[in-house]
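By letter and in written order, the chains are A, B, C, D and E; residue numbering begins at 1 in each of them.
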Amino acid sequence: MVSAISLQSAVAVAGRFPVLAGVDLNLEEGTVCAVLGANGAGKTSLLRLLAGLTALERGAGTVLGADLTKNTSGLRANVGLMGHGVGLYEELLPRENLAFMIKAARLDPSGIPEALDRVGIRGRIAATPVGQLSAGQQRRVVLASLVARRPRLWLLDEPHASLDAQARDLVGSVLEEAAAGGATVVATSHEPDIVIPLADVVVTMAGGVVTERYAGGRMGLSDVS
Amino acid sequence: MRKQLDRWLGPLAFVLVALDVWLGLWITPPDQVQGDYVRLVYVHPAVAWVALYVAFGMAGLCSVLYLWPRTRSLAFDYAAAAAVEVGVVFTILTCITGAIWGRPTWGVWWTWDARLTSTALLAVMFLGYLALRRVPAEPHVRARRCAVMALVAAVDVPIVHFSVNWWNTLHQGATVLNANLSPRIHGSMAWTLLLSFIAFTLLFVWMVIARYRLEVLRHSGENKDLDRALSERRAEGAEA
Amino acid sequence: MFRDAALVAGRDLRIELRSRVVLWQVLPFSVLALLLFAFAFGPSQARLVQSAPGLFWLALLFSTVLFAQRSRALEGSPATREAARLLGLDPAGVFLGKTVALFLELVVLEVLLVVGLLLLFHVVVVSWLVLIAACLLAALGLASASVLYGALSGEARIRSTLLPVLLLPILAPVLIAGVRSFQAAIKDGAGLSGRWLGVLAVFSVVYTGLGIALYGPLEEN
Amino acid sequence: MVSAISLQSAVAVAGRFPVLAGVDLNLEEGTVCAVLGANGAGKTSLLRLLAGLTALERGAGTVLGADLTKNTSGLRANVGLMGHGVGLYEELLPRENLAFMIKAARLDPSGIPEALDRVGIRGRIAATPVGQLSAGQQRRVVLASLVARRPRLWLLDEPHASLDAQARDLVGSVLEEAAAGGATVVATSHEPDIVIPLADVVVTMAGGVVTERYAGGRMGLSDVS
Amino acid sequence: MFRDAALVAGRDLRIELRSRVVLWQVLPFSVLALLLFAFAFGPSQARLVQSAPGLFWLALLFSTVLFAQRSRALEGSPATREAARLLGLDPAGVFLGKTVALFLELVVLEVLLVVGLLLLFHVVVVSWLVLIAACLLAALGLASASVLYGALSGEARIRSTLLPVLLLPILAPVLIAGVRSFQAAIKDGAGLSGRWLGVLAVFSVVYTGLGIALYGPLEEN
């Protein structure tokens, strides 16, 4: 299988603090990986490193074939991130937000209505500027943007937070679909019961390093070592 | 009574303004010095008076009434907004009529005279108020902000007035508005002048009432909308 | 009220000391503004000295807008502002506290600008008393007006453009009276300056009073 | 029992949209109430109304004896809110943030170190400005502020989001303590399995109204009607 | 590159049209700045006319700072900015798009200010060609420098105070060259103006070039 993510002793620094203190992680393409760990373990920092948003300070790493020690702009275009914060333009409608993203990625914008409909953004809600939506509705729009964009690497920081039961199920099926389509998914969570069944690989972090790795419940393309 | 007032106020204001224009343009004599341009005296001072004192005074008063807990009501907020909106129109009209007058009498459209300068500042404050109204916020939040702003600006007006006056007169004498009209004033001119004040004040009142009505109407529409929106909102839950 | 004022002033000054935004950004801006004005109206030396009071007060005014922005920005995100509203602080105290913190910062700025004026424009001050009185009165007026208007102007993204439009016209009397007082201080027209110092005093008293009275209703929501 | 919250057909509006469309809710003092409901049901809006942060447009309501149609500044001082966003000063240390709140509430600041220690904010983390902490650490600080302030009404918007397993347990015991001390707690959640056992009363919302009410697992002071 | 530029310019102008911040806040500020300058240097009519070019360019410069703030604020919160960085847009295209949007807004402002100048300060323009050339070149230079520096100046809370300090010194050449070109346009010193227009042209070309080259590395992180 093709390697999607490969980190060797990866160190990343924020301010002067080493948020990642030597992460080793290998994932093949099409894998769903759940990242567990206590608050401050470095989960968000790991996702940001994988997205090319923070620099690799020491160690080595390639993501989707891009070397993290080099320029990562090529990588970034292939990454979809759902972070703690909602990265949408508050004045624009859900549809307009998605159109901007899709056009930027040179994709066909005709799939937007469908993606929004799928996450339940329709009717009045679809006609409300994103800034006025509820927390969960905003996260649904972010999810729709990932669905419409179909990036090669999905990075999800607590994807279930703020989402209601129905949307939680949706996250599951969306991830399954993405992985089936060959995308790699890395999702952090504080709810092991929900994510482990979705994952091929489960990884736990503590103190800025990966401490454990075991197989999850999906067992689609498991590569447990 | 109210209906009668409604029906007659607008036409009355227009008739008076028309009468004023007619008297000003055709009946009163031209001035020896200023010639026909003096006829602007039947428009400009009255418009300025409305802009400066009536409009801002009303906005300040309504704002106080809104902020006073016992009389707090969105009606005063709408009234203040209506006064400012119409006030901006009158302030701009003041500047335009003044500029038209200034061109032949002073040879320039604008000069940094005390009165002109303070009028311009006032216009900007009014505009600031309208800009603040446009910032999206809950009705009462916006009403509070706007009331505070109007009050602060109203308090500032006298300070601006005095400081600008002193600012200018210190350096050079009152070169501009020294054209003392009273000695040369003709009988018909005095009456026409008085009429112009009444006419433009009525015009202002009529416009403010119209703007206020519109605002209230929009709000009552909102209330009706609210009932519909409420049932729609509840239905959102039912379908889920 | 005064306890809350002390608490709030302490918070503002502490965040300021920690972030050093005023030191590194606002003060340089003021000096820069002075220089730019000199560019725009220079290079004739005589005209520069003549315009020195105008330059000083313009620089102070435009800097005040930045200080006002900063003073409001200290209060953090909407969530932080909401959390603070749940603390039961006396609004008049909050207003006073913020005003005091801003006043202190403005006084520092004024000292800097006066030094700049003396060095760059070769201005000779005859009546220091007038100059100092004008500076202190103006600082109080500017601070209170800024805090009051900062509370008016809503969220950060709108505020950075709305606040200047709202604040500057209100401050015009300070500009005029300040320029005049300075001219008096430079030419020793102490007799003349009284009236202008009066304007500054009225301005600061009025705005501090309005702030104490109106900050409550404003922050209510 | 004394009534802590009493809403009759409460309507609240945001922009022009009725976020609450006639809520009826009665809670006695010392009750723990869990609020469930889909995204956009109006849970956050309800908490904001109870905190006195949004106006009551129609209907009637009293919270802690304060009439919601009147000035609510007296009420607000008795309310502790943990919202979707973290309302802390990013430049200040956790300790300094708490000190500001505690002093504003005229309470004794000597309990602060203990409260922080309890939520696991100690050592390096305690010496880091709040803005640089991880998402979960920031929420822990908010929790500590509630613990130290002991408000009469606790309003928690998805208290478990972003918190790790240990902190989730902590939320449970903190709530239990608060309710035992006579405080009223209203907590929204998308994780019924976690909150129902903690609650006396469970309420579900949909379309801006309360649709159901039943007893939770705590059964301390149940007042099921 | 140009496709991305069009996309980004569209986004900026659309948000602007929806929020109307420029119309209601930035443009009034510019007019206000003109008024305030008149206060600081007036009321002597002769001196005002003499300083008119300086006033125009100062007002434009300070307004540009607000435009730059707004242009950056359009990009939203840090999370939004990060999301945009994950779209794989060509940085040069982003730069160009933002610059075009800002350029258009600045041209509107310049028209307004020129009208104000003609009416308020009794300026008589002899060489419209020079004036228009100066305005267009300056708008391009100001826009590109603003976008470039906007990207430098980080988050909203810091930016509102940092950006003026960074941007204004960079814009000093525009101020000087603009003032000189205007003086030429007013007095018909067309021969003289060439050199100053050249400065403006060089400035705008250099900053547009720098922006295209450097926006990538800047936004990279």
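Everything below uses one rule, namely that a residue touches a chain if its C-beta (ideal position, glycine included) is under 8 Å from a C-beta of that chain, and two chains touch if they have at least 3 such contacts.
This is a predicted model, so every value here is computed, not measured.
Novice: Go ahead and name the chain pair joined by the largest number of contacting C-beta pairs.
Specialist: C-E
Novice: Measuring between Cα centroids, which chain is at the maximum distance from chain C?
Specialist: Result for the farthest chain: A.
Novice: Can you name the chain that lies farthest from chain E, using the mean of each chain's Cα atoms as its centre?
Specialist: Computed centres place D farthest from chain E.
Novice: From the mean C-alpha coordinate of chain D to that of chain E, what's the distance rounded to whole Å?
Specialist: Roughly 47 Å, centre to centre.
Novice: Approximately how many whole Å separate the CA-defined centres of chain A and chain D?
Specialist: Each chain reduced to its C-alpha mean, chain A and chain D end up 30 Å apart.
Novice: Go ahead and note the Å separation of the Cα centroids belonging to chain A and chain E.
Specialist: Roughly 39 Å separates the two chain centres.
Novice: In chain B, what residues contact two or more other chains?
Specialist: In chain B, the residues touching two or more other chains are 121, 124, 127-128, 131, 138, 140, 167, 236.
Novice: In chain C, which residues are in touch with two or more of the other chains?
Specialist: Expected reply: 19, 158, 162, 165, 169, 172, 176, 220-221.
Novice: Return the residues of chain D touching two or more other chains; collapse runs of consecutive numbers into ranges.
Specialist: Where chain D meets two or more other chains at a single residue, that happens at 14-15, 17, 38, 40, 55, 71, 84.
Novice: Looking at the complex, which residues from chain E come into contact with chain C?
Specialist: Residue positions touching the partner: 19, 21-22, 24-26, 28-29, 32-33, 35-37, 39-41, 51, 54-55, 57-58, 61-62, 66, 69-70, 73, 156-162, 164-165, 168-169, 172, 175-176, 179.
Novice: Given the complex with chain C, which residues does chain B contribute to the contact?
Specialist: Result: residues 67, 121, 124-125, 127-128, 131-132, 135, 137-138, 140-141, 144-145, 147-149, 151-153, 155-156, 159-160, 162-164, 166-167, 170 of chain B touch chain C.
Novice: Which of the residues in chain E end up touching chain A in this complex?
Specialist: Per the touch definition, chain E meets chain A at residues 3-4, 7, 11, 14-15, 18-19, 76-89, 91, 216, 220-221.
Novice: Going by the contact rule at the top, pick out the chain B residues touching chain E in the complex.
Specialist: 99, 108-113, 117, 120-121, 124, 127-128, 130-131, 134, 167-168, 171-172
Novice: Of all residues in chain E, which touch chain B in the complex?
Specialist: It comes out as residues 20, 24-25, 28, 31-32, 35, 38-39, 42-45, 48, 119-122.
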